[in-house]
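The structure appears below as structure tokens.
Think of it as A, B, C and D in the order they're written, each chain with its own count starting at 1.
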Amino acid sequence: MSAPTSWRTALTEATDDGVRIRGYDLRDLVGGVSFAEGILLMARGELPTKGEARLLEAILVSVLDRGIVPCSVVTRYLASSGSPIQAAVAGGILSFGDVYGGAGEQLAEALANHIAAARDAKADRQEAARRVVQHFTDRGLRVPGYGSAVHRGGDPRVPRLFEIAEKANVQGDFTHLAMEVEKQLSKAKGRPLGMNQDGALAALGLDLRLDWRLMRALAFIPRSAGLAMHALEEMTRESGWRHVPNAEVVHDGPAARPLPRRGGGS
Amino acid sequence: MSAPTSWRTALTEATDDGVRIRGYDLRDLVGGVSFAEGILLMARGELPTKGEARLLEAILVSVLDRGIVPCSVVTRYLASSGSPIQAAVAGGILSFGDVYGGAGEQLAEALANHIAAARDAKADRQEAARRVVQHFTDRGLRVPGYGSAVHRGGDPRVPRLFEIAEKANVQGDFTHLAMEVEKQLSKAKGRPLGMNQDGALAALGLDLRLDWRLMRALAFIPRSAGLAMHALEEMTRESGWRHVPNAEVVHDGPAARPLPRRGGGS
Amino acid sequence: MSAPTSWRTALTEATDDGVRIRGYDLRDLVGGVSFAEGILLMARGELPTKGEARLLEAILVSVLDRGIVPCSVVTRYLASSGSPIQAAVAGGILSFGDVYGGAGEQLAEALANHIAAARDAKADRQEAARRVVQHFTDRGLRVPGYGSAVHRGGDPRVPRLFEIAEKANVQGDFTHLAMEVEKQLSKAKGRPLGMNQDGALAALGLDLRLDWRLMRALAFIPRSAGLAMHALEEMTRESGWRHVPNAEVVHDGPAARPLPRRGGGS
Amino acid sequence: MSAPTSWRTALTEATDDGVRIRGYDLRDLVGGVSFAEGILLMARGELPTKGEARLLEAILVSVLDRGIVPCSVVTRYLASSGSPIQAAVAGGILSFGDVYGGAGEQLAEALANHIAAARDAKADRQEAARRVVQHFTDRGLRVPGYGSAVHRGGDPRVPRLFEIAEKANVQGDFTHLAMEVEKQLSKAKGRPLGMNQDGALAALGLDLRLDWRLMRALAFIPRSAGLAMHALEEMTRESGWRHVPNAEVVHDGPAARPLPRRGGGS
């Protein structure tokens, strides 16, 4: 097995006299580029256009916080238990799993794979979208990134993001493909099935030339800031460890019973 | 015990038709404020000045990545083990402990407490700085946030941050107190003992009116982006699980010995 | 700085042809010692007596599970979010913080330090207990490990553990000191203030010659098994991501307000 | 969506006057059953036979520790960073990912699914084994749980576990199926390809009637004890934060370059 036992990276070079990210001196980057530009520089190797940076900035803000949702519930439980803030936030990030936070990554992987396959097969966008839908329906799954359990009228952040992307000239093949998927899904359902926040992040993230493996991180990186605020609020406004009262728990296992006497044999 | 069993928050209000952060509709915030402004809005309840936002933006960039350091080592080990990206980044964040990432928080707590005490006592800045130093030396500790094991000539990011803070009119009581501490420490040592990145973040974070409990998060929030890139690099450029070869491990425990035969008694 | 960059351990030696824990071949340990004996071997360097192993076994069982408590709530949220079982259990373990799971460690540290100091000062047990109590009251803290918010009549597991310890001849100086602390606390309160599970683990763990830094682990190691069962139950008996309904959240921050128009200046 | 917002469990009932696991009073379980028996009681709902408990005990010991391997490396980095022991151990557990610690779960899932399918199809063991192998080879994967990168001569713990299982009368359909898979793999390779520790745990775990989703936990539950000892060793025998020296890192990204001047436009 040739598994790694030594260290190499193309991201950042640290020397005794300084730090360079993708070749640029950190002293120049500080004050010279925005946080969104820094992220795109790290992810892609080169600085983005101003439009790309503005779009990523908008994406970062769009996922900053959602209130009391699974990730913040976990963070607040951990903060109230007296674990330090890095543990409270780390626990919240762990909740970006395949069910709660993974839709964007799942859609992005399918979009990325099928756009490549469609290009090879000289298939058009309608055909590529059909394949993306089929990729999930073949597995008995709903297409991730569409529909919303919470926002009946469509996720309010999505049109705003697409508007910014359009102004920034970032909308491209992936957004158009994701919109074609929306059209086909809505037609099949007989009612509008809008792209949700996860879906929009997947499409726009790919048009920003981010690897599909980063889509989940695109949500939890900015949310780490929101989680830190929830940890702080729990630390400064509540006291004692957060818990569920016994009376709110239904026990549906065996009723009280005596422990059987057992011999020492096998 | 009055520990919390119900939920309240002043941060973010989620309703069926939208999300409001500190009262502002998320649709307006997206594209309307920067990520740094969003963080300050969440942390303080009100939008910051443009100068404050620019300073926080610079701080975020200044801690984006450092290369192969404890947090990224942990993230890369976890990514190579096949745990998902949220687990790899969460593990990296766990490394912002009291020794590796806690100096800023420790200094900020002391600065915040002693500036308040000094005001009450009508003590001047020299006296407040003396008390901050004493707070740590009384406990047999070095004052955190000063000196650098890595950068002999002083942390290259620090002067840049202070320059930006000055232009943004954000430097205030805490920065001046931290600089007075630097002066006293250097005098006592007989050589310059410069504020390092942790120290600068503590002073500037307090002048940004952030709670001292957030100083550690100020470092790991932006680093979560760097960690995601390290996870991606490990996933796409290495294969198999990262490990330490047996030959590189020194065993200094008992040599091989036979397991004693033991009876069944007590 | 002489921080570690190479690897050494006295615990376990792995070679190409096998694994030895504290010198004993793992092939001999498997089937040759109990899990409790293995833990004590690792922690202390030598195999325990049968009585010591029986006591640790009882301790492990005593903290196996408690139902729906903070650690299992976190694990179940994470499992329902679709993060893998290692992340769900790791998140639950993070909840053993200073407030929720740290009492045993805090008491054990105080008992260990003050028994040593009392020996040096030739002070008797009453005096040592007085100093343990004072250690906490001086800091405005309740003595951790005594009293129970849940079990009004005293923690039901505690007398059982002491009975087993007595039979196993393990009760020693630390248990006697902890009992003297209980006596003094109850006298001061004017009502019985019994040692709780955390307190009993601290006293018995120290009499088992475990380092006080392991007392928190003594609770979360066996609980990791309980947490895995909670993760499994959530994965197999519930569907969709666990969450708090919006209607159950009280928002006490700013009401809806328009985003102010701001210029581009500083 | 019918996602859970209330709490129910069949595992453990906590009331104001006590705790019952699967109906048995915790006071009776403490001292009345072993830790291994407690785990099987929780997992299966009923107490195991003495033989089953002995086998699980042996399994727990067999994975207690392996020295300096990915999970302990992560734990030690976190402990040296000054994060508390619950964070250090939690981080180590996160490393039981699909690549490093997931083989047992993957094999167990396939064994469980294909034994059921084979029964339905009245296929014999040879046919079921063929399907297990094909399940992985169809996906371009090696069959997990066989072969060892570390132990060339076969994992030393495996024969010991099977010997104990045989004595305990626990070996059953799953072990026999896993052995048939070994036979077929070795025949196809033209050389012995022995079941490794992950494979043995999968087969024996299933014969212990544990859900395949618990196989990864079967490894990290006992390892949590080993990890706690590594954390303690790092805390008490090393000082300062563990790191990789800059000189040991190869940077293969862009060389130093000046930051381009950019205008303010899009």
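The definition used in the following text is that contacts are C-beta pairs under 8 Å (C-beta built on N, C-alpha and C of every residue); 3 or more make two chains touch, one makes a residue touch a chain.
The structure presented is a predicted model; accordingly, all values stated were derived computationally and were not measured.
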Touching both subunit A and subunit B (chains): C, D
Interface residue overlap between copies subunit C and subunit D, same or different (over half shared): same
C-alpha-based rotation, subunit B on subunit C, 0 to 180 degrees, nearest 5: 180
Chain whose average C-alpha position is farthest from subunit C's own: A
Subunit A and subunit D: spacing of chain centres that average the CA atoms, whole Å: 27
Chain centre separation (subunit C, subunit D; CA means) in Å: 23
Computed distance of Cα centres, subunit D from subunit B, in Å: 33
Two or more partner chains touched - positions in subunit A: 1, 3, 7-14, 16, 25, 29, 33, 54, 67-69, 80, 83-84, 86-87, 90-91, 94-98, 101, 150, 240-244, 246, 248-249, 251
Chain-level touch network, classified as line, ring, star, complete or other: complete
Subunit D contact footprint on subunit A (complex, rising order): 1, 3, 6-16, 20, 22-25, 28-29, 32-33, 45, 47, 49-51, 54, 83-84, 86-87, 90, 149, 167-169, 244, 246, 248-260, 262, 264-266
Subunit D residues within the subunit B interface of the complex: 67-70, 73-74, 77-78, 80-84, 87-88, 90-91, 94-102, 240-244, 246, 249, 251
Complex interface listing, subunit C residues touching subunit D: 1-5, 7-14, 16-19, 21, 25-27, 29-31, 33-36, 38-39, 42-43, 54, 57-58, 60-62, 64-69, 80, 84-87, 89-91, 93-98, 101, 150-153, 156-157, 160-161, 163-164, 211, 213-214, 216-217, 220-222, 224-226, 228-245, 248
